[in-house]
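What follows is a single structure, written as structure tokens, with notes after it.
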Amino acid sequence: MPAFCSLGEAIAAHVHDGDCVAMEGFTHLIPFAAAHEVLRQGRRHLTLVRMTPDLIYDQLIGMGAADRLVFSWGGNPGVGSLHRLRDAVENGWPQPLQLEEHSHAAMANAYEAGAANLPFAAFRGYIGVDLPKVNPRIRRVECPFTGEILAAVPAIRPDVTIIHAQRADRAGNVLLDGIVGVQKQAVLAARRAVVTVEEIVDDLGAPGLNAVVLPSWTITAIVAVPGGAYPSYAQGYYHRANAFYTAWDEISRDRDRFMAWVSEHVLKRGPEAFRTYSPQGR
Amino acid sequence: MPAFCSLGEAIAAHVHDGDCVAMEGFTHLIPFAAAHEVLRQGRRHLTLVRMTPDLIYDQLIGMGAADRLVFSWGGNPGVGSLHRLRDAVENGWPQPLQLEEHSHAAMANAYEAGAANLPFAAFRGYIGVDLPKVNPRIRRVECPFTGEILAAVPAIRPDVTIIHAQRADRAGNVLLDGIVGVQKQAVLAARRAVVTVEEIVDDLGAPGLNAVVLPSWTITAIVAVPGGAYPSYAQGYYHRANAFYTAWDEISRDRDRFMAWVSEHVLKRGPEAFRTYSPQGR
Amino acid sequence: MTMPPAAPFSANEMMTVVAARALRNEDVCFVGIGAPSAACNLARLTHAPDITLIYESGTIGARPTVLPLSIGDGELCETALTTVSVPEMFRYWLQGGRITVGFLSGAQMDRYANLNTTVVGSYERPKVRLPGGGGAPEIASSCQEIFITIPMSRRTFVEQLPFITSLGHGTGRGSREALGLKSRGPTRVMTDLCVLEPDPDTCELVVTSLHPGVTPEMARAVCGWALRFSDRLATTAEPSAGELQVLRDLQARSAAAHKDEP
Amino acid sequence: MTMPPAAPFSANEMMTVVAARALRNEDVCFVGIGAPSAACNLARLTHAPDITLIYESGTIGARPTVLPLSIGDGELCETALTTVSVPEMFRYWLQGGRITVGFLSGAQMDRYANLNTTVVGSYERPKVRLPGGGGAPEIASSCQEIFITIPMSRRTFVEQLPFITSLGHGTGRGSREALGLKSRGPTRVMTDLCVLEPDPDTCELVVTSLHPGVTPEMARAVCGWALRFSDRLATTAEPSAGELQVLRDLQARSAAAHKDEP
């Protein structure tokens, strides 16, 4: 049975300096509110794991919360660069950022291997490309039947995975539907799992588009944070704020403007600020 | 776009003597009508692949259609032995049957590897047991990161997979829900896929319990065979005929009685006989 | 040898009840068909209402009103919290190490709780071809602990297994560790006559509790090896009226349900 | 050099239209964001109504009414035949070899259609850190063939890539085969000025069709290597009024939809 608690309590109890943290959500259900709480609590030296760092990690990296990034595509989807990520890599600002770079296929397989309690994943990948030359955590494995050589990557096993879902019931079972990404794998691969949800209900209700249900005994803590995925979205609750994703390009391009934005919209606020983005808040 | 045709046409076109055939359905949605058509068309020398041979393969084995069986649990669920399977293995009647025996975990992983176009599957299995001593297709693979030794089995890649599903739409997309077993993996792992369905509809409708949808371009042929899973069941259409599973113990125990049953209920009938087990037939 | 006093319950009922009692409300239990399914659902309907029952067909958190005949009856899926594919069940949930208790049974067992459900005689030319392992080999290694339910007889409790289908404690203490396993393996064996547990020093099964009316001689007489007894040998508490009531209702419901089906 | 006659369509529209034309009704297409998404949906709304569009977010058979800004917009899932997890998308569907056409683009391309989207400068101390490969490395190897859309300039069409993010034809003919690949790799590159295809003998990209009003000199002038032309050089058919109408409506709808969002 997971703990039902405040976001502050959940992050304080389950996210520690130096942890390997995966905040997943493939465009959909990105746990922004939880990431903002991590910033407010001043976590440092994190290893951040995420297929698409997106704005959520651009913000954490820009504030110097991360020493290391494990990722596979570091852009602002449909817009362009993640300027804070670039500034950290190109100029070491506000601090150097160590990269472990993979392809989407590699990370999806690595999460899958973690959920399955395997030490590595074998897949047909990285053929004729340069990434294996710069990432020593890409190796090879031979098929014991055909002799074929496949790519191998280590399983991802985060200290804590944080996701945002549509609903939890009072027993602590969690439901997400729509684009479900790698969240089930990321939760099952982790030692601890913190879940923010749009609402806590008596009954999870009829499953929607390809629903994923995570039993209560796979979850460590659950927090109701309506709107907690903004500017990402929650299928059935609110749409993706594509205009904000576009606006982020300007906000994040300049260090001072970025710092001012974080101070104004993250440090001076609490999770309740996200409610205004949810149907409940309108 | 799959062919919509009669069961006779589908089996004649896509199941050949000597083929490796997987008829899957984990207790639920077992494609009995299609297996009976394979018997009527007198297929021989088949390699039959199925986690649980169940009554469907007991019938095929008892009629001498198979030279080889790849399986992981060969009993009559909740009842006892599969007498035709035992007679073939213990006495070579009606002909010897070569066994490739695995565990459920191994076969589930092998189908999964087949669907993923991998040559083998690595998993934590067969630890401290005797099966690897008698099955040369169980090998070992070493993790290139931790040095751990894992079990490895070759991917299952059938010539043809046959399943029964609840519905197909007129474009040839197939939906199954309820206990979905390994059918998605078995279909995607195979060169050809033949699907019998309870009904062909304009719209697949709202997905039910953890629905699986197979796009039309993954299917070779679709045949409407209401009741085609009897004495197995089709969630939302009819229940499992547990009484028949119990009765099979007596029917199959004696060679003559078995032959008489097959002659009466399989060879002298056609797929339309299954309709009586479906809601449409009542 | 003296017969036990006539009891208001069968040896089979005693076996099921004692198995049910061993389950905890917070357990996540990988259930097999037959005695394990009866025991797990008896526990759920009595002292462990929140127990999570998982059947290898992919149903997680099933709450069947009748005992399924197979591990894939529709009842399991309709009452489950969620149902996953069979590959996911074996990869994420069993191999994932998320199952606290796995139930196993077998045609034969040795003194170290290794089980045979594959063949009697040689594998190539078996005297009796048994169903085989199914999920057992990986259940035995991946679940945090294993409960075994098996009726006691000279045919089932054997000195030497012809085939090891699933690993218990191998050749004794340290066998599992030597194979790199961290799971505990079989922690209790529940029979129609008694409960056995591995000796902490040797991992050999010793009788820790005799069911009411059962004498050490009776147990010894149906065991294929020189059966040992705990020096703290207890007597199993009789099934309570409540336990018997719930179990018999459940089995009556189930029998009726399965007879009704075509 | 002479300028082309003012045309009633933009070079970018020409690029999108020529990419759309290359798609077949029976294709199963792995779609990227931007030009590929516009081209795929233009094809779907014109000559290829049954084309299957797959976005790496897991949506299979998406039929969006507006172009998504990201590959994971809700619109894609709501209109899809089905949506699968991201691991399943990359394992069963892409690696499974079920995609007929994969669309790629890049910051830089060489004459063998290898692409760089990772870094400009050295990997360790990059001058420009680009987004990285995402799905591209395995899209390039697993799809049956690859279409590339990329605007032509000396910055994008380079003699030597600093980093190979996704494989085209390697160092020329036989490179893919030597790596054990059976897929065809890039079969056409669609730019704002022309269409290029690999020379059957060398796999070097050669211009097979110039867009209306574009001269060989104009194309040569913006290419970082000595650009070659097919001896059967064609002129690309202008976008039809119908193609332009559908494309502009689609882009207008999309711009409006994204502006409305908070």
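Order of writing sets the chain letters: A, B, C and D. Residues in each chain are counted from 1.
The criterion applied here is as follows: contacts are C-beta pairs under 8 Å (C-beta built on N, C-alpha and C of every residue); 3 or more make two chains touch, one makes a residue touch a chain.
Everything numeric in this text was worked out from a predicted model, so none of it was measured.
Peer 1: Between chain pairs A-C and B-C, which one is joined by a greater number of C-beta pairs in contact?
Peer 2: Pair with more contacting C-beta pairs, A-C versus B-C: B-C.
Peer 1: Which integer distance in Å separates the CA centroid of subunit C from that of subunit D?
Peer 2: Subunit C and subunit D have C-alpha centres separated by 58 Å.
Peer 1: Using the average of all C-alpha atoms in each chain as its centre, how far is it in Å between subunit A and subunit C?
Peer 2: One centre to the other, that is 41 Å.
Peer 1: Can you compute the centre-to-centre distance for subunit A and subunit D, using the mean CA position of each chain? Integer Å is fine.
Peer 2: Measuring from centre to centre gives 28 Å for this pair.
Peer 1: Where in subunit D do residues touch two or more other chains at once?
Peer 2: Subunit D, residues with two or more chain partners: 82, 91, 95.
Peer 1: Would you mind listing the residues of subunit B that make contact with two or more other chains?
Peer 2: Where subunit B meets two or more other chains at a single residue, that happens at 116-118, 123-124, 148, 184-185, 209-210.
Peer 1: Which category does the touching pattern between chains fall into here: line, ring, star, complete, or other?
Peer 2: Shape = other; not a path, cycle, star or full graph.
Peer 1: Go ahead and list every pair of chains that touch.
Peer 2: A-B, A-C, A-D, B-C, B-D
Peer 1: Which residues of subunit B touch subunit C in their complex?
Peer 2: 26-28, 51-52, 71-75, 77-79, 81-82, 85-86, 89-90, 101, 103-105, 108-109, 111-112, 123-131, 134, 148, 178-182, 184-185, 209-210, 212, 231, 233, 235, 239-246, 277
Peer 1: Quick check on the complex: what are the subunit C residues that touch subunit B?
Peer 2: So the residues of subunit C touching subunit B come out as 33-34, 56-59, 68-74, 76-78, 82-87, 89-91, 94-95, 118, 123-124, 126-138, 140-142, 163-167, 170, 175-176, 179-181, 258-259, 261-262.
Peer 1: Where on subunit A does subunit C make contact in their complex?
Peer 2: The contact residues of subunit A facing subunit C are 115-118, 173, 184-185, 188, 213, 215, 217-218.
Peer 1: Within the complex, which stretch of subunit B touches subunit A?
Peer 2: Interface residues on the subunit B side: 116-120, 122-124, 137, 139-146, 148, 150, 152, 154, 207, 209-211.
Peer 1: For subunit C, which residues count as touching subunit A in their complex?
Peer 2: Contacts found on subunit C: 26, 28, 52, 60-61, 81-82, 91-92, 95-98.
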